[in-house]
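A single structure is presented below for examination.
Chain nomenclature is as follows: A, B, C and D, assigned in order of appearance, with residue numbering initiated at 1 for each chain independently.
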Amino acid sequence: MNAKLPVGVIGLGRMGQVYARHLAGRIPQAKIVAVADALEERARAFAAELEGVAWSTDYRDVLANPGVKAVFVISPTSTHREVVIAAAEAGKAIFCEKPVALTLADTDAMLAVIAQKGVLFQAGFMRRFDAGYMAAKKQIEAGIIGQPVTFKSVGRDPFCPDLEYARPSVSGGLILDMAIHDFDLGRWLMGDEVKRVYTEGGTLAFPQLNTVGDIDNAVVNMLFKNGTLGNVEVSRNALYGYDIRTEILGTTGGVQIGYYRQTPLLVLTRQGISHDMVPYLMERFGEAYLAQAQDFVERVRAEQPPVVTGQDARAALEIALAATQSYHQTRPIELPLDAEK
Amino acid sequence: MNAKLPVGVIGLGRMGQVYARHLAGRIPQAKIVAVADALEERARAFAAELEGVAWSTDYRDVLANPGVKAVFVISPTSTHREVVIAAAEAGKAIFCEKPVALTLADTDAMLAVIAQKGVLFQAGFMRRFDAGYMAAKKQIEAGIIGQPVTFKSVGRDPFCPDLEYARPSVSGGLILDMAIHDFDLGRWLMGDEVKRVYTEGGTLAFPQLNTVGDIDNAVVNMLFKNGTLGNVEVSRNALYGYDIRTEILGTTGGVQIGYYRQTPLLVLTRQGISHDMVPYLMERFGEAYLAQAQDFVERVRAEQPPVVTGQDARAALEIALAATQSYHQTRPIELPLDAEK
Amino acid sequence: MNAKLPVGVIGLGRMGQVYARHLAGRIPQAKIVAVADALEERARAFAAELEGVAWSTDYRDVLANPGVKAVFVISPTSTHREVVIAAAEAGKAIFCEKPVALTLADTDAMLAVIAQKGVLFQAGFMRRFDAGYMAAKKQIEAGIIGQPVTFKSVGRDPFCPDLEYARPSVSGGLILDMAIHDFDLGRWLMGDEVKRVYTEGGTLAFPQLNTVGDIDNAVVNMLFKNGTLGNVEVSRNALYGYDIRTEILGTTGGVQIGYYRQTPLLVLTRQGISHDMVPYLMERFGEAYLAQAQDFVERVRAEQPPVVTGQDARAALEIALAATQSYHQTRPIELPLDAEK
Amino acid sequence: MNAKLPVGVIGLGRMGQVYARHLAGRIPQAKIVAVADALEERARAFAAELEGVAWSTDYRDVLANPGVKAVFVISPTSTHREVVIAAAEAGKAIFCEKPVALTLADTDAMLAVIAQKGVLFQAGFMRRFDAGYMAAKKQIEAGIIGQPVTFKSVGRDPFCPDLEYARPSVSGGLILDMAIHDFDLGRWLMGDEVKRVYTEGGTLAFPQLNTVGDIDNAVVNMLFKNGTLGNVEVSRNALYGYDIRTEILGTTGGVQIGYYRQTPLLVLTRQGISHDMVPYLMERFGEAYLAQAQDFVERVRAEQPPVVTGQDARAALEIALAATQSYHQTRPIELPLDAEK
C-alpha cells in the first residue's frame, strides 16, 4: 500500500478530539502530524498524548506545514470561512465539520476559493456514513420502496444547550443547528431538491432560550421539486435520550432508520418491560464519524471526489435558512433564496 | 342489572355489519331489535341471521319503532344529516359514525336539533377506545411526559380506495377522510384546540385519483392555541400494511402509540429477520369498535354524557376543512373557519 | 348454510364460562342449549343470562337432552373420565379441556369407549389455534427453516396457584399442569414423537408449594425419535407477566412464537423506555380459545376428524408423566411408559 | 498518568490480530512492543504495519524481551500450556484466550506455575465485558429480579466450522468450544457453582461433522449447588446469523441479554417487515474484546486482581467436560470431575 496521508486537525474541542483520536488510532491510512487549537493547554496536552505531533495555537502553522496534505476543520463555525479559505489557498484537501457556515454569502465565498484552487472539499454530514442510513439509501436505489413519496425525519436532543451556543448568531438557531442534518438527508435520500418549506415552532420546554432568541421545537413541512413531500421535526427536550429517526415512504414500500435500545438488555419486572435508550450523539454516531473520516482520507489518497460536497452543504444550509425564515414570517418560503441576504 | 338497551342499526354496509354483529353477540347490555338498509337483500339477510330482528329498507321504520331507544347511524355520510335529525326528532339516543358530515353547515344543523331535543349524541372516533390510545391519555394525564409539546400522527392506508368513494364530494377527500381521526386525537391528547394549519400534499402514487380530484399523500403542520405543535401525515400507499402511529413529546418524556407485528411470529432466515404487518382497519381497531359501541350503550343506559360529543366531531371536521383549504391555497389557514362556507 | 349445532357445556368454572360465552355470542354456527355445573347458583345464573338455555347441577341431564349434539367438558380433571365416557355412550361429539386425564390408564379407558362408540373427540390444546403457532406450523411445513433441529419452549405463569389446585393429585403437578402444552407443541411442530426426557426442577420461589408436594420451576431436556432435540422450561414465578414463547431452529432457519407487549404503547422517560406485558392467559390466548371452539363446532357439523385427537392428548400426557418421573428419579426416562402405572 | 504498559502478543491469527490492533490503536494505556507468530509472513507483515514493534516466529523471543511486562496468549489452544507456563516463569502478566486448555490436567499444571510465580493471570471470556452482560449483572446485584432461579443461554453459530478445527482434539468439540462461554456466564450471573449436568445432542445439520467425531447441536440441563436451574443450548446451524442470548429468571423479575438487528434499518414491503441480523462474532462482541483487553491492561498497571481468574476458566472447563461426558454416556454427571482424567 502507498504512504499514509499526513493530516492536520484544526480545533480540538469535543468534536475535534473525536476526529483527532480516530485519525490517531483507528485510521491506519492516515497519520496525524499537526494540530492547532486556540487554547494552548488543549493543543499542548493533545500533542503530548500522541508522539511526534506538532502543535500550535495558530491554525496557520498547520496550514504552513508542508508535510500536511489534508486538514480537518473542526473549529467554531464562525472561524470556518477564514480557515477554509486559507486552507484552500494553501492547497490542502479540506474536511469541514457542519455547519460549513451560517450564511449563504460565507458559504459562497468559501466555495469560490475552493473551486478556484481545485482542492478537495468535503462537508461533514456524518449521518450519511451511518450503517442504517447507508443501508436505507441502498434499498431505495435498489427500488425496494418504489418511488419515494414522503420523507420524515425526527431529530431530538436530550437537553437544552448552553445558552451561549444556542444564540442564533453562534449556532444558527435550532433549525439551522439541528435540522440541517435532516435537510441533507432529505435531499440525499429523496434524490431531489427542496422547493418550499413551512415551519411552525416555539419555545415550549426551556423558556430561557427566549433570552437568546432561540426556540426549542419546530416542525417543518417540505415540498420537493418533483412534488414529493417531507416533514422534519426537531426538539431539544427529549429528556429520555437522543432520538434520531428517519423514514421514507415510497409507492410500494418504506424504510425506517433509527433505534432506541442502547444496551442489549431487557429488564422484566412487575412494573413492566424496560430498556435503556441511546443517550447521545457519540453513542449513536461514533462509528459514523469514524467512517466519515476514513472515507475522506481514502478519497484524498485516491484523488476521488467527496461524497458530501460544498454544494451539498450549501443546499442544506439554504433549506435551513428558508425554514427559519418561514418560522419568523408565518408563511411558506420558496427556494432558492437570495444569496445576498 | 337493569334491562338490555334495545337498539337499531341504520346502514348495514361493511361497518354497519361490524356494529350490528358486536351488538348482537358481544354486548350483553344491548339487544338489537331493528335494522335498516337501502338494499333489501342486505337488510333481509342480516335479520334472518339474527332471530327476532325487524328489518326495513327505510330507516324511518327503525325510528318509528317505539321499542328502539338508541340508533347507530352507519349509513353513507351524505345521509347523516337527514337521518340524524330525524332520529333526534324521534327522541332516540344517537351514535353516528365518522365523519358526521362533510360541512360545518350540515354539522351545525344536526347539532342544533340534537341540542333542542336533548338527545344523547356520540360521534364515532373509535381510536379513543383503543387500548393504546387510552393508555397514552392516562399517562399524559398522570404527568408522565410533563407538558405536551408536539403531537405527531401518521395514518397510512394500504391501498387506493374505490374512485367513487375517493371523490371529495363523497369522502371529503384524503384529509377529511383519513386525517380527521388524527385531528380528533390531537385535540384530545394535547388538551387544546388547533389555531393554524398548513398542508403540503399531492397525488404521488395513484394518478387515477387526479381524475376524481383527490390526492394520496399529505403532511399537515399544526399550531395549537397554547403554542404547542403538531404534524399529521396521511397516505394511501402504504402497500406494506395499515400503519397507524401517534406520538406525543412532552417536556419530560414521550408516549408512542402503535405497533407493526400482527401475528406473534418471527421468521429467521439467511434473508434476514421478518414478520408480518397489521393488514388493515379491523385487525387494528376491531376491539376498539367493540369498546366504543359498548361505551355508548352503557352511557345511554346510565344517562351519562358521551365521550365524543358533537362538538368534538365538529372541531375535528373544522381542522380537516382548514387543512384541505391550506393545501388548495398554499398558505397557512387560521381557525375558526367561517361556518357558512 | 345448514342448521346451528346445538351444544351443551358441562362445567361453568372460569374456563367453562369462557367457552359458554364464546358459544353464545361469537360462534354463529353453534347454539348453546344446555349447561350443567355442580354449583346450582352458577348454573342458574348463567342460564338466566342467556335466553332459552336449560340448566342443571347434573351433567347427565345435559347428556340426556336429545337436542344436544355435542358437549364441551370443562369440568374438573378428576371428573373427565366419568363424564367423557358417559358422553361417548350418549353418542355426543366431545370437546374435552386439557388435561384429559392425569393417568394413562384413565386416558386409555376414555379413548376405548370413544373408539367403540365412534364419536368425535377433540382434546383442548388451544395453542394450536393461536395465530402465531399456526403461522409457525405453516412456515415449517413450507420448508422455510429446513429440517427442524431443536424445539425450545418456555411457559411461565405470573403467580403461585392456589395450593389446593397445585396439589399433584389435582393438577398433576407443575410439569403435567403447564408443560403439557409445550409437549403437545413439540410433537406437533417437530412432527415427531419424544423418545427420552430428563428433568431438573425445584421449589425456588414459593416454598409453600413444598407443603403440597409441588415444585415451581423445571427444565426438561427432550430427545425426539429422529434424533432432534428439545428443551422446555416451566415456571410459576414470572411475576412480570405471562411469558409464553416457543422457537424451532431448523437446518436453514428458525421461527419464534411469542410477544411481550400487551398494549400498543411505549413510554419514554429519563428512566428508560418501557411498556406493559401480557398479563395472563386470556389476554394471550382468548382468541385461540374462540378459534378452537369454532373449529370443533365446524368439524362436528362437517363430520370431519378433529385437529387434536385423543391420541395427541395421550402422547402429551405420557411425556409429562415421564418428565415428572425423571425429576423424581434424577435420571433420563425413555418412552413409552408402561400404561398400567 | 503513569507510563504505558508494554505488551507482547503471541499468536497473530484472526483473534490475535484483533487483540493486537486494539492494543495498537485503541488502548492508550498500552504499547505493543513485540509480537510472535509461527508464520513468519504474518508476524513480519504485522510488525511492518506498526512502527517499532519487534517480531519473531518464536514466542520465547517475546518472553525474553525484558521490555515486555504483559503478554496476550492468543495462539492455538494446544500451545497454551507450554506458552503460559513459560510466560509465568518469565514473570509476565498473562492474558490467555479461551479455552485456556482442553483438560483439567493441563489447566491445573498452568495454574500451579502461575500461583507459584505470583503473576497476574486473566482468562478470556469477553462476554463478561459486553455492555449487555455487564448491565444484567448489575441489575441482578441490585436485587431487581429477586433471587436468581433459572439461567438460560443460547449460543448459535451461523456456519459449520472447518472440520480440522471441529475435531474434538483441537476445539474440544461443540460443547467445550461454544457452551464454555455460557457455562462461565452461568456461574457468574447465578453466583453459584454447577452441581450436575445432563446433555442431549446430535449431528443434525452437518453430517460431515460425524467424520471428525463432533456434533452440531446440544441442549444441556444444569443444576446449581443451591438448587437453581439452568439450560444451555448450542448450535452450529443458525444460518440466519450469530444468535447469542441469555436470560435469568428470578423470584421477582428477569433480565434478558441479546439482540437481533445489526443495522438500524427496517424495510417495509408487501412481503412483510424485515431487518438484518447480527452476522457474527466481531459484530456482536468487537467492543467487548476491546473492553476486555483494556480492563486487563488497567489491572496489570494498577496491580489489581483480574476479573476472570484461572479458577474461573477451570470451573467453566469442568462443566463443559461434564456436559460432554453426559452426552456420551446418556446420564447426568455430577461435579466435581476427577481432575486426573
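One rule holds for everything that comes next: a residue touches a chain if its C-beta (ideal position, glycine included) is under 8 Å from a C-beta of that chain, and two chains touch if they have at least 3 such contacts.
Here the structure is a predicted model, which is why all the values come from computation and not from measurement.
In this assembly, the chain whose C-alpha centre lies farthest from subunit D is B. Simply put, of A-D and B-D, more C-beta pairs touch at A-D. Note: centroid distance subunit A to subunit D, computed from Cα atoms, is 39 Å. Subunit B and subunit D have Cα centroids lying 57 Å from one another.
Chain contacts: subunit A has residues 238-240, 252-254, 261, 268-270, 276 touching two or more partner chains. If you draw each protein chain as a dot and join the dots that touch, every dot ends up joined to every other dot.
Of all the residues in subunit D, the ones that touch subunit C in their complex are 146-147, 149-150, 152, 154, 156, 196, 198-202, 204-205, 217-223, 227-231, 233, 235, 237-240, 249-254, 330-332. The part of subunit A that touches subunit C in the complex is made up of residues 238-241, 243, 260-261, 268-277.
Within the complex formed with subunit C, the subunit B residues making contact are 24-26, 28, 49, 130-132, 135-136, 139, 144-145, 252-259, 261-270, 276.
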